[in-house]
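The structures come next, written out as structure tokens.
You will see two complexes here that share subunit A, one where it goes with subunit B and one where it goes with subunit C.
After this line comes the complex of A and B, so read on.
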């Protein structure tokens, strides 16, 4: 065991080698060789010697990665001034100061004092400029890679409200957030994670609203991550989540800038990651199961009605198949006679027990749903025809399943799409099966026992220190204004109590407040 | 380990169901045996007894705010006498929990799963509680509050739906059963009210310890009002017949039939009762396991969860012979040793602490 551990440590060291600092040596050629050596066998790296400052002809070298920088930008703003322009040598203390002050006609220039950080800048889309006989180099940010434009969100669509969604570029995403919250108190901190991938992670929060403890907790958890590479946000989410042994996840992802911003205003922390069109919201509590971004752009009565619908749908999704099986196999006395007769007639000649029938149907639906996500657009119609006709119609006429069971499964399936949060949908997909089994084996007491176990599981969860069952228990009535019922915005004067203990008051305006 | 904190609302919620859970099932029968007409007076005596005990609990909690009841008793009586007293309490609780489980499982078995073996029903009942206890008192409290919020109204709605059946004349004349019978009928409710002293085990976990007296009084009054409504309806609906009912509430709920379409609300009642009794059982088992681990000076209660659970399951299956035997036992034996333990132990502890001028 200890041997394994030691080996691991050694391996870690090999990769971490790049973190030793390498200052510039006096020798220009040596510096260039060092960088060339680091970037050797990278066919996308381009470098060339140039003579800078018209007339003086000082040797310099530039490095860039093809495809990551904007070529017109490089030639117009870097190469042209460097080669063609000049300045009075007496005015400046050194060449590099002159280059910095007079020649580089771009905004973001960093002065690099060690070679490795220069290499890092180059491979993340910068241009490295080395000048002969100078102890520093420049890196110019000239990112110009191709990316997806800001377009409508795919996963959280609304009818009214903001359409734009996050994209893969983290700077575009931060700009989307910054455009909504124009305040210097919106802080965006940078952490780089992934020993090999060097992925940029940003923590956004509003100073003065966010709780220091929460912020520190998020920071620490991200700092603790030590992995070779983070490819998508889900990996990061799983690594900083509290609920490893629960189906429910204690942080949610969203694709919508407006949702991220309203979370920021509530005192939550938003974690953005480069290459991810989703952002992470922490902490998250159970109320968000039924909150959709649209609730705030429709009238409060409509929104409240929609939320009550969602609560009902959530419970139908979880319980209906299980209850159906339990009632029809154990508790016939509960059903009104006419209904019992209707279902019994429909099931008269069926070969399977009701539990098996239900299980097959729910399982078939899950397969259809999984196929629906994976299949190419062109064959989508084929699958829906097979799904609807073969499994639905043909199974009924072949007397394999009964129409009432199909109604139950269809209703369950439709209800599962009302949940606005994908994390919750995924949890409920599995829980439906568990409840179905419990109902089939033990009847209603079994369903109650399973529901209680789920309840206990939720109740012991904490999301970054905030109890997951938060506005229900510990009970805080002011948070119920934005839970099952959304009261008019004027009445929501406080931020959620659990996330904004230090700065609760959200709005002061109300009729008559001018007189004070 | 992080200190677990529960707030006042959670405390009231879990204590409500801790007492109400089996009280709904059993107390009407026990009261009805002695004073069927004046049953509601027993509920009033329940409130008086509970409020008296609440004062003792409040005083003890004020005196030892950072101590749970085990270390409190050990502190007051000295280690050895204290340990013996706690051991007596532990054995009482083990026995009581075993027939609490028996009651719930038998009720569930009779009403919903008549052909399932008792052991399986016991497992269905006990597993959620074991899981909750394993997660600690915070988890018990939070799920307890959740259940309280969704079930609290249900019982009262079920009662109100029986309004058409009420016949006030069944209650008259008041005090007809005789003073002795009324007192005798109130012994069992008093024993149930004594369970409010479980708060003493949770004192260090409560957020605002100064308000413990209020919390326990609110709980007692809530349950007491529920009890008065309960007993009122049983007598008013069933009249003298109630003496012969095995589970009046169940029968009462089966009376409800507002429309021809849905006529069976008993499943709803059994479900609510199962959820409530989950809270009761969780609190009982938490205190049981907690006092056991404290008896052996262990901070972590988790290693004891499994052994105590197995002991409980075995005890449940062997300690009760049948429903009539249990009813007789609860009526004729149980109150007479329970009252000294639940009321006597905290009161004597408080008295001795005052005499010894402990701080």
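After this line comes the complex of A and C, so read on.
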């Protein structure tokens, strides 16, 4: 075991060593060898010597990674000017100044004095240009890898409202946000995390609206992360989340730029990560369980009705299987006579107790859901047909399950799809099982006990310092305007009190007011 | 930490005691009783005869052997079983050895008492039923005309079983006037134990239907009579007409009819609003009670070939007031004769004049039979239910 740790320490040391600075030496060949050495055994790396500045024929070397740069851009805007263009040597103080000012006709050019930094730029989709007898090099951003176009979101679809969703490219994502909030107060800070992956993470917020303490907290939590690589946003979310041991996630992710922007306007912080089509919203509170992006695109009455529906559906999803088992196993006196007779009639001669029957059905549904997500789309449809029709119908015909139980599970399943937040859906999937077990073992008192435990758990949760249950607890009536019911937009004059303490006013009635 | 653990364990322990898996009972293990019928057995060795009317679950959606879709689904069968014993509990317990199910009385809807039992006294039975944990107080109580076993032999016309049929008639009787003609065990017991108040209960009867309906059923259940009690014993029966008057005075009637003849032509008054106001009258030393009954309704059927002018309507109103008054008075005098204070006159005097009641209390049974009960009916005609004048001319008849 100790050997293993020693090895790990050794590896870490190696990686850390790579972060040491290596300034350019005066020897051109040595510099080239250093980069070649660093990028050795990388078949996608391409390099070649060139003669730059027409007439002078100074030796230079360019490095790039095939597939990460745009070949047309490289040949038209970098190679062609470097080789064909010229300038008077007397007009410039040094060659590299001449190259920078006269030859490189592109915008994003950095002068690199550190070899390792240059290597980093190359592997991030840049072109490295080294010139003989110069103590600096150039890195030109020429990213041109294939990427997914901005498409409709898959996980948060709406009928009315913005269709575009975030993509894997962080710059496209920041541009989507920037397009909506055209204000210099929208700040996007960059942090690179992952000792090996060097993943770019951006923290977006609106200066003057966001709470400094909150921003600092988010920054610190991200800074504290020390890991070899962050592959997806979920890893980062889990590492900076408050509630490691709770089923509820205290930060939500979204795929929708409009949702991210509306959170920014409420004084929240949005964390974007390269290669992730989702962004993280911090802080997140329980009210967001029932808020959908579409609520603001439809009339407030319709939106309020939809939210009430979601609240009901949320509770059905959580409690129905458990209550069904509890009532029909322990509390028969609560059931209206005709309903009891109907269920007793349907359950006659079934081999399983009602608890086991319900557990099997809920579990089977979870298997179907999991299969539906994992399988290719074309096959997924077949699975749903097989699951819903064939298994359900066959199970009833074979007298393994009763039709009322199928109705209960189907209703629970349908209700789970009304929750707009993926994190909430996932939490409720597990909680449904817990409530089912409590109902099956302890009846309604068990369900009450579990509900209380859930309530105690969520009431002590905090999301980046904000109580998770706000505005229910602590009570903030002004925030209830955008909770179970959504009042007309013109009445929502203030930002949520918990996230925008310093700059609450969002809307003013009179004209000519200062824009916030 | 230790405190939290201690608290959690205590709560968990209490939860387990409150309700846990050993209390679990599957729905298919229950015998869902619809009605409980109690009577006196024919042989005198036992004191009680008890009938359980339950629904036997079907096998639920079995397919036919030839695999036809939908299959033949067996209907839930009403199930009646009889037992007898020296006590009610003994009679119930005798079932447990022959029924492989848990007898679930929580969903019982109706209790049928035999006429003989009611005449002997229902006090003991009522006490047992009221104190039984799983029997609900909202069970309806009805008296069987004759033996209970005869009533249970009725064939339900619209519902699955006799019990359901009786409950349906009580709750949703075709005539709205009958809708409130039901009594639950709690109200019944209150009437039995309340001073100056006697109990009453609807009577179920079996009739052999006429030619028209005999294709459907052999014996049908009807409920239009009332059993009157004094203390815990049944003392008499109000027939259909007397029950009508009784219901009006009790404020239970919503809609009913009074028919009479004018110039040998039938005319029927259907009231749909009833207001009853009762007051005490004191005449020298005697206390009397006065019922002011205000009826509002329409002329529901008329074969008179006259226009209803104001005077004619006035005359009709007087006529109907008189008819109603007579019917109600007949009902009242029968109740006095039987000595059943189902109207709660004693209770009313007790509430209004406690001092007088102190004198009446011990001899109320005697006083009640001689007390002056004045009934004044004011029947108002709002309009007619007709959409035209008589179509069949008099000359044709």
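One rule holds for everything that comes next: the second predicted complex is superposed on the first by the 495 of 516 C-alpha atoms of A that agree within 3 Å, B and C clash if a C-alpha of one lies under 4 Å from a C-alpha of the other, contacts with A are read in each partner's own complex, and residues count from 1 in each chain.
Criterion: a residue touches a chain if its C-beta (ideal position, glycine included) is under 8 Å from a C-beta of that chain, and two chains touch if they have at least 3 such contacts.
None of the values given here were measured: they were computed from a predicted structure.
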{"item": "Room on subunit A for both subunit B and subunit C (clash or fit)", "value": "clash"}
{"item": "Which superposed partner A:455 touches (first subunit B, second subunit C, both, neither)", "value": "first"}
{"item": "Contacts of A:472 with subunit B and subunit C, given as first, second, both or neither", "value": "first"}
{"item": "First, second, both or neither for A:445, with subunit B first and subunit C second", "value": "both"}
{"item": "Contacts of A:212 with subunit B and subunit C, given as first, second, both or neither", "value": "neither"}
{"item": "Touched partner set for A:350, first subunit B, second subunit C, both or neither", "value": "second"}
{"item": "More subunit A residues in contact [subunit B versus subunit C]", "value": "C"}
{"item": "Which superposed partner A:90 touches (first subunit B, second subunit C, both, neither)", "value": "neither"}
{"item": "First, second, both or neither for A:329, with subunit B first and subunit C second", "value": "second"}
{"item": "Of the stretches 6-14, 294-302 or 384-392 belonging to subunit C, the one that collides with subunit B", "value": "6-14"}
{"item": "Contact residues of subunit A, present in both the subunit B and the subunit C interface", "value": "330, 333, 442-446, 449"}
{"item": "Complex contact set, residues of subunit B against subunit A", "value": "7, 9-10, 13, 108, 112-113, 116, 120-121, 124-125, 127-128, 131-132, 135-136, 138-139, 141-147, 149, 260-264, 267, 270-271, 274-275, 278"}
{"item": "Residues on subunit C engaged by subunit A in the complex (per definition of touch)", "value": "11, 15-16, 18-21, 23-28, 30, 32, 34, 55, 57-61, 63, 76, 104, 106-107, 109, 134"}
{"item": "Parts of subunit A lying in touch with subunit C, wherever the complex brings them together", "value": "328-330, 332-333, 335, 337, 340-341, 343-350, 353-355, 396-397, 399, 402-403, 440-446, 449"}
{"item": "For the subunit A and subunit B complex, residues of the former touching the latter", "value": "330-331, 333-334, 336, 442-446, 448-449, 452-453, 455-460, 467, 469, 472-475"}
